[in-house]
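Take a look at the structures listed below.
What follows is a pair of complexes built around chain A, which joins chain B in one and chain C in the other.
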Partner chain A sequence: MLSEQAEKNKKAKDNIEKKMRKAPRPEAQTSVFVIRKRTFTLAFLGLFVLFTVSALVTEYDVIGGFESLPKAVAWMAKQFIPDEKALSRLSSILSKLMETALVSVAVTVCAATCAFFFSLFGTKTTKTHPLLARTVRIVAAFFRNVPDVVWAMLLLFSFGQNILTGFFALFFATFGMMTRAFIETIDEVSASCVEALYATGATSLQTVFNGVIPSSLPEIVSWVLYMIETNIRSSTLIGMLTATGIGYLFDLYYKRMDYGSASLVVICIVILVIAIETISNKIRKVIM
Partner chain B sequence: MIMPILEFRNVSKIYDNITKALTDISFSVDEGEFVSIIGPSGSGKSTILRCINRLVDVTQGSIFFDGHDISQADKKEIREVRKKIGMIFQHYNLVDRLSVIENVLHGRLGYKSSISGAIGYYTEEEKERAFEILAMLGLTEQAYKRCDELSGGQKQRVGIARSLMQEPRLLLCDEPIASLDPSSAKVIMDYLSDINRTMKITCIANLHQVDVAMAYAKRIIGITAGQIVYDGPPGDLSKSKIYEIYQSEEGELITDAK
Partner chain C sequence: MSELEAAERLPVYIDIREHMRKTRSGKIRTRARSKSNLTIRLTILVLVALTIYGFATFDYKDIDFTKAAVGTWNNAKVLFAQPRLTYSTWGESLKELFVTFSLGALSTIFGAIIAFFGALLCAKNIANPVVAGITKSFVAFIRAVPTILWVLIFTVAAGLGSVAAVIGLTFHSCSYLVKAYSESIEEVDAGTIEALKASGASFWQIVFQALLPSSISRMTAWTFLRFEINFTNAIAVGAAAGAGGIGFDLYMAGSHYFDLRELGFITYIVLAAVIVLEIVATRIKATVK
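Up next is the complex of A and B:
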């Protein structure tokens, strides 16, 4: 009985060994590592060549660039210290900062609402006509790929230098970005439950409300929070073009060579952005 | 003579004009039967189930459900068919962030107008029925929990509850126990067999485990590369036939491991 078992084991072992011997030696396998090494080396060399060529073309002096770095830092350290004059302007800076932040929030929320409805036509989950879905994606790509600064400059012609220009510039860019993000989120998060809901005989509208929205809402809120952060930064830049908000104030002080006040503006923006990042991280933790 | 509840007539399915999933499939299922479809991965088991409730459109042939040809049904007719056919999935396919009871009530969506379903308006009777079904499946305590807090076996029971809310004539089970441990798998299979016997709901289950299929089903359909190679009671399914279904030789199946 025991010997029978042992014989069986031996047989199985032999079988395995036979199979292993028969297995083709993986020649291709070893060369994979060689190929990877070669790829890395080539990529590194390629980058180096690219850098050298572009430095030569643009006449960029690498050593000079690094040499001037400490000087630049020293200059900044001397000039960009908020002085007493700057502090006296704190209240007007804060009020402009508030305005900019609120506009960013308003833009993001409006754009997100529109983008969500729009993205429903672009996802696979709602089974809209493929042509419609494609059109939605193309329109979103168009809005997204025109930078917000370019939108601002284009809109300056029609609206002039006022807050509406900045609003729409940010709106278009955010709308395009979020439509794309929402389409992908919805497709990824709710594909499985959407299939089940359709299988029960639910209509598209029912599926959106009962399946798509509940399962993708946290991700969508997370995207909105991220876009609020991004938009506060972008709105500073756009404010310089449209002469509104905190961007305008920075531009003004900077051009007057009132570097102390300008630096206070920068510090305020940084604090605001960090504060908003912290808050939205907290919110994310709760909803996820 | 009993009219078959489901009949496939020369059904073929070709994905994207290239991939042949089903070739000339014909079979019929009588009311109250428990049929199990076995076959290797990619042989077309899931496609067969999804053709029945039209999650997948057939390329050729016709499928009769309850006497009506559903292979050419329009949107409205598809909805009518789907609400009479429950489906449970390998990965449960619940809305994880909603509560158990909400997921169960989703089974009623097919019976509602678009608007009242969208805003989640359910009648008192429907809610009572949902709790009855939950009690039957031993989920009363979980009713208000979120689905992502449940174990796999519990999730699958919620899936069954959702499909029972539809008051289905036919239950499609796509690998119902493939992601479950052996003991939860037995619980699920026992519930399915119970539902089949006491509620007279016809069941078609795709299964990977031949022994499970043999133990629970009264009829087995073996599929290989989109074609039926066996159709009969589990008793007649010989070892050599099993090897033919899985296109393998003796000693290569997990059931051969000793």
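Up next is the complex of A and C:
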């Protein structure tokens, strides 16, 4: 009797299990919100771990960091304000600022010219050999990714504390950046008109001058304007390492603890950068 | 010419030749004289003029250019062809690289969190225009000051070390990401926001249920791009402000030991790290899009 009962029970159980197997499982349709919540929680945990490890490695004092912020602001409000001594140095600061601005314009224009001709070998539009195109990309990646600090140090050995040290250090980095940017721009902007020109039987030189240059010129000018602004900021750093330009002047005042003059340098840089940004944005609005 | 002849034969009389603009030598002008073309030409002209003026007025201090260039070439050969560690070890360099990586990561995390709330104040589709204007100009000011100067300014207040470096780097990342994030938020469909508003959702509900989910992919791409920049900046800051990490090693090798081979070795380590980051960034961008 008992065994029969057990068998019956077992059969019933099997039946139920079979039905269960056929029926759609509710677990498979987890709600979108649950998935989203899970992803966010995981991402948050990952970030938290990264944060903790980073803070430990760099010996970053989280509370001290937050505490130092108001301290820094208070210090800036008290000390970091141009005084009379600083104003008497305005003319020398302005002349150095002018020099830095001219260097970054000159660097950007030279680098853009070189990078443009170099990038022509790297684009698909000119139909150069794929191996050549790849080489161009690798060379550009090399120049772009070697830190500008290294370029500055290397040049410092032979050029000394000269304006050309800063010039070439910025030149190499800008050249690498712009080559990549120009390759992407040319591929993106001029693909259709280049195809049309090739179809009419134009040579690659004709295609470059009548198709590539006119169609990608607005983008290129926009990139040049952006790089001028970036280079003014980077030339401050390069200037500190190579003892040239406005960076050197800031470093000099800073190390002498003449914070009034140092603050005037910062204010001058800010005005210059914002002025260039405003002009660039106006030009960009017209040409794009 | 056949086209021109065909034009003459049209029933409506239009002389195309009257409307063609020609150059003095008789060629047909193919480019329209538009405001944008004129602006481009003018911009290029001004930039080239400034470049020439710059080269003419720079103080070269009577440097022997060929000698210096040849010297640099020889040094570059030593730097890139014979890398060798003398003052540091493999393990130490990798540890310093990790420190630089962590500096970049910390400042990106801080920057991203602050920038998210900054972007909410800035995005045209949700923010008050007055508040947005004030935030934007504040951010533009922060961006205009070079990163290294922020770090040096905070070094005075917070002392030499990672705190000054991280805060300095965070300032710049913040301003960069506020711009990027607010542009991503502005691209969210206006209908979604309106629908949520109509159903009575609060501001934070709109932010976390509509804005964040639909722009998070773009934001992630931007954040990772900024992390790459922060890594490079952390190297520079380490070199110029003594904030530690591999940048400081670079500075010591170049300016204290004058050891090109050591400089070369560290350069290769940095190069490898940056290229790995770039590959990861490209992957992330591809999956996100």
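In this text, the second predicted complex is superposed on the first by the 248 of 288 C-alpha atoms of A that agree within 3 Å, B and C clash if a C-alpha of one lies under 4 Å from a C-alpha of the other, contacts with A are read in each partner's own complex, and residues count from 1 in each chain.
By definition in this document, a residue touches a chain if its C-beta (ideal position, glycine included) is under 8 Å from a C-beta of that chain, and two chains touch if they have at least 3 such contacts.
On a predicted model such as this, the values are computed, not experimentally measured, just so you know.
**Q** Taking the superposition as given, does A:S91 touch the first partner, chain B, the second, chain C, both, or neither?
**A** In the superposition, A:S91 contacts neither chain B nor chain C.
**Q** Counting residues of chain A in contact, which comes out ahead: chain B or chain C?
**A** Comparing touch counts on chain A for chain B and chain C gives C.
**Q** For A:F250 in the superposed arrangement: first (chain B), second (chain C), both or neither?
**A** A:F250: touches chain C, not chain B.
**Q** Taking the superposition as given, does A:A196 touch the first partner, chain B, the second, chain C, both, or neither?
**A** Only chain B is touched by A:A196; chain C is not.
**Q** After lining up the shared chain so the two structures overlap, which partner does A:Q206 touch, if you call chain B first and chain C second: first, second, both or neither?
**A** first
**Q** May I ask you to decide whether A:S215 touches chain B, chain C, both, or neither, giving the answer as first, second, both or neither?
**A** First partner only, chain B.
**Q** Share the list of chain A residues that count as touching for chain B in one structure and for chain C in the other.
**A** 214, 217-218
**Q** Would you pull the chain B residues touching chain A in the complex into a rising list?
**A** Touch residues, chain B against chain A: 53, 55, 79-83, 85-87, 89, 91, 93-98, 102, 106-107, 109-112, 114-115, 117-120, 159, 162-163, 166.
**Q** List the residues on chain A that touch chain B in their complex, please.
**A** Residues 190, 192-193, 195-203, 205-206, 208-211, 214-215, 217-218 of chain A touch chain B in their complex.
**Q** Any idea which chain C residues touch chain A in the complex?
**A** It comes out as residues 31, 35-36, 39-40, 43-44, 47-48, 50-51, 53-55, 57-61, 63, 65, 67-69, 71-72, 75-76, 79, 98-99, 101-103, 105-106, 109, 140-141, 143-149, 152-154, 156-158, 161-164, 166-167, 213, 232, 235-236, 239-240, 244, 247, 250-251, 253-255, 258, 260, 263, 267, 270-271, 274-275, 278.
**Q** Mind pulling up the chain A residues that touch chain C in the complex?
**A** Contact set of chain A toward chain C: 36, 47, 50-51, 53-55, 57-61, 64-65, 68-69, 71-72, 75-76, 80, 99, 102-103, 105-106, 108-110, 141-142, 145-150, 153-160, 162-164, 168, 214, 217-218, 221, 224-225, 233-234, 236-237, 240-241, 247, 250, 254, 259, 266, 269-270, 273-274, 277, 283, 286-288.
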